[in-house]
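Okay, so chain A shows up in both of these, paired with chain B first and chain C after.
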Partner chain A sequence: MRLTQGAFSFLPDLTDEEIRLQVDYGLERGWAWAIEYTDDPHPRNTYWEMWGTPMFDLRDGAGVLHALNECRKACGRGYIRLCAFDSTRGVESIRMAFIVNRPDEEPGFGLDRQEGEGRNMRYRLHGYAADRSPEERYRADP
Partner chain B sequence: MSADQTILAARESSALTEGTIDLQALLRESDVQSVLDQLDRELIGLAPVKRRLREIAAFLLVSRARKQFGLEVSPPSLHMCFSGNPGTGKTTVATRMADILHRLGYVRKGHLVSVTRDDLVGQYIGHTAPKTKEILKRAMGGVLFIDEAYYLYRPENERDYGQEAIEILLQAMENHRDDFVVILAGYKDRMETFFRANAGMASRIAHHIEFPDYSEDELMQIAQLMLAQMNYRLDASGEQAMREYIERRVRRPNFANARSIRNALDRARLRQANRLFALPQAVDQVALSTLSAADLHASRVFQELDAVSHGETT
Partner chain C sequence: MNDFATTTTADRPRGRYDAGVLKYREMGYWQPDYTPKDTDLICVFRITPQEGVDAIEAAAAVAGESSTATWTVVWTDRLTACDSYRAKAYQVDEVPNTGAGTATPQQYFAYVAYDLILFEAGSIANLTASIIGNVFSFKPLRACRLEDMRIPVAYVKTFPGPPTGIVVERERLNNYGRALLGATMKPKLGLSGRNYGRVVYEALKGGLDFTKDDENINSQAFMHWRDRFLYCTEAVNRAVASSGEVKGHYLNITAGTMEDMYERAEFAKQLGAPIVMIDLVIGYTAIQSISRWCRNNDMILHMHRAGHGTYTRQKNHGVSFRVIAKWLRLAGVDHLHAGTAVGKLEGDPMTVQGYYNVCRDAVTQQDLARGLFFEQDWADLAKVMPVASGGIHAGQMHQLLSLFGDDVILQFGGGTIGHPAGIQAGATANRVALEAMTKARNEGRDIDHEGPEILAAAARWCTPLKQALETWKDVSFNYTSTDTPDFVATATASA
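Showing the complex of A and B:
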């Protein structure tokens, strides 16, 4: 199941050159890029792991691409996204985010039914990624 | 020439006509001539430096022309070392260098990131690598200027983290050759020691540019240029005093070329302000912008010499 979160997620995966153009677009507007990764992209999992600190004062996309490639080397089996932080007063928030790396096989989500009191029906969304054993989830990449 | 290349070359510029490239047209297009001219105008002396800059500019234009014919395989390495005494214009030239390289299309953004040891080397284990990498990321697309680079290497302390910064730097200089240009700067003798101890660094730097000391005439021209930029001028007596001042200052210790001149002028401006305040009458524009001999003669350089001539020891 293809994960559709953030910008461009209904398009084919961006190439590195395209990613770089997007990064340059953000840098031109003075946004700071940050790299985040996770193995469980549950829609309510807002805070992904940070790869290093957000990169302030950059002028060129090559620096972000360099850091991204390091992150891919370390956690290429998970999801990686780029977030652009806009520090303008009154905004001070993420302006743009898009996925730049996906696992070869995306585990997807399952919908569980749970019977409550009085024939009530509750639904729960859970990522299959979270079903795997901790050894498998947190194993370091070869 | 393949069809792709033909289209590319045709789109690239009008300079290409039937398999020849007009280098002069390429030069005009790149607008680099105006930077070089500005360099000639604003920097006094430094003939070997300017010659080298022209060579590098010509080399980059030629390699761009070669690229249009598909002759150029990898971009030339342009890491540089500026060595010279204090105040000889290393930082100023580095800023211009970033501009030149940008106009020639060698670096994408053309900004200058100026750092010293403190910005690269951390204070505890594991602090250096992220710090250096952050600076490298910031410098990408531009020029990384490392002032007093020899401080990175401290042979007296074998656990110094400077070595780690050098290694990361070396790796980036090799792998990200087309992303940024590194310029190391420092005093000549200490840079030589630095390169002797870091052979890897020496072999990765293609261009060693030496900044010679200024002659007294050049220093006088520099003084006048600086004053003109600050909207001041020297009157006839002031000019004479400035010449004498330079003559004596050059021979004193801690002489830092153009920087000493700037400091001397700053102090002279202070004294001039004081002198104007002491005047009973109102001052006009000419008085406000004129430095005279009295402002310069009050300098310590003259006083100490006078003291010596009077036979005083202190």
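Showing the complex of A and C:
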């Protein structure tokens, strides 16, 4: 499967040059970029791990790309996303987010059904990534 | 600042309260020197007086009939601080391009100020009963239209507003930096629950964020509401599992009674649905009740503006949609159909952008070219996500993005389900067109001019988009809009 979270997942993976243009777009608007990574992209897994704090004082796109490549070196087997935070009153949230790194094989999700009273159904979505052993999930990247 | 404490009816010369009929302008409803207070609610009406009726008298009559007046003098006014209850017409402007030498009878913009005490806190029903309760049937007026309304911050703060709002909706959906995509299920009528859920699944799996019941999908013989809810929930969950994205289907809970609506809302909640939907025709009190339920149950509330065209479309009579949009933001809806400008339904582009501003601004600026007569401070009320739906397709993506930006739901019903290679392909075409256009815009490209090239480039690697562009390349709805802004260039509209 291809995880299609983020703004550009239906397009071919962005090159570093293309990522840089998107980063510049956010910087021009005064947003702060952050890098987050995970092995478990369940749609309700809100809090991916932070690669440092959001780069509030970094106004140079090359610096963001540099930090991204550091993160890729350490966590290249997982998902990495770039998020742009906008501190404008009335927004104070993420304004842009897109995936910039994916595992070679994306494990995807299973859907379990539990039949209830009447024709009620309880659904449980589970990521196959979370089924793997802790040793496999958390071992350091080669 | 309140002057009613010092000016009472007892000070008035005898004559004003003698039995009989006085002109409205002589009863205190025309006050050309009045400066509206920050706490006043201000309306601008477009009025067409009957032949021989003076414009100022007509404006005073509007003020009178939308506040305290009746057709004759009543002594019981003198028991009250009636100056504060009287609405005050304070400005009348001729509407350009009407009257002598045109095909349209002379029209006027009448500005009327209402004291805050006139309105019950947090009640759109009370507000509308006051402002549009009587006056639109008033005989001395040939026609009357409420063009815009400035709601004082003090009154805005009495409404809870949208239960979710744009920012929190995006956080719940985990979806940032692009417009959302939806589609209304077609055909509107006749699909069984099982068949209906198939369309939902295909459209969401193909790449849409939302699918939608149509306004008249409730609980008819061909599909009982519980069946619809169950099959749609299966479809949504399957599509979520296939993509890893949060998705939803607007379950229309509109019904004949509030009890039925609550029952449907509870079932939607029990099934884990993220969003429910209502039609405008249920009325303002029902809207506010469901909004309250949604706020208490973490549910996004989608509003279909069914029926609004009966009173918003004609320029000379009714209520402008910009006013309806303001009322609905106060009443508390999260999504509101606000026009497409380029699709099959009425809407001049600048006028439609004015509606979007009303939905999404922190402070809406006066902008006469977009039909916005007043500055409106929304006092940090959550923002409404506008929905562009009706006769739009992937080939218009650059126009839609340029007109409306990212905080909008673009709904392609026919433009998804009518795709020659199937519904999934239709959805994929729309999603690729949107992402390609958003990416190009962010890269600094001029999408207004390069839009077709950008789409063509994406179509070279995306066959569904190629097919969509070929199928709908000649479709457009170029008719003259009936509702366009008129304005006096030098108008000093706001307080």
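Convention: the second predicted complex is superposed on the first by the 135 of 142 C-alpha atoms of A that agree within 3 Å, B and C clash if a C-alpha of one lies under 4 Å from a C-alpha of the other, contacts with A are read in each partner's own complex, and residues count from 1 in each chain.
The rule we apply is simple: contacts are C-beta pairs under 8 Å (C-beta built on N, C-alpha and C of every residue); 3 or more make two chains touch, one makes a residue touch a chain.
Keep in mind it's a predicted model, so treat the numbers as computed, not measured.
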item: Joint occupancy of chain A by chain B and chain C, clash or fit; value: fit
item: Touched partner set for A:Leu11, first chain B, second chain C, both or neither; value: second
item: Residues of chain A touched, compared between chain B and chain C (which is higher); value: C
item: Which of chain B and chain C A:Val100 touches, first, second, both or neither; value: neither
item: Which of chain B and chain C A:Ala67 touches, first, second, both or neither; value: first
item: Chain B versus chain C as contact partner of A:Gly52, first or second or both or neither; value: first
item: Touched partner set for A:Met121, first chain B, second chain C, both or neither; value: second
item: Chain B versus chain C as contact partner of A:Phe109, first or second or both or neither; value: second
item: Partner chain in contact with A:Glu92 - chain B first, chain C second, else both or neither; value: second
item: Lowest C-alpha to C-alpha distance for chain C against chain B (Å); value: 16
item: Chain B/chain C common contact set on chain A; value: none
item: Contacting residues of chain A [partner chain C, same complex]; value: 1, 3-12, 14, 18, 21-22, 25, 41-44, 46, 83-84, 89-98, 108-111, 119-121, 123, 125, 127
item: Chain A partner contacts - residues on chain B that touch it in the complex; value: 108-109, 111, 130, 133-134, 136-138, 140-142, 176, 179-180
item: Chain B-touching residues of chain A, taken from the complex the two chains share; value: 52-53, 55, 57-64, 66-67
item: In the complex with chain A, residue positions of chain C that touch it; value: 167, 170-171, 174-178, 207, 226, 230, 233-234, 237-238, 240-246, 270-272, 362, 380, 383, 428, 431-432, 435-436, 438-439, 442-444, 458, 461
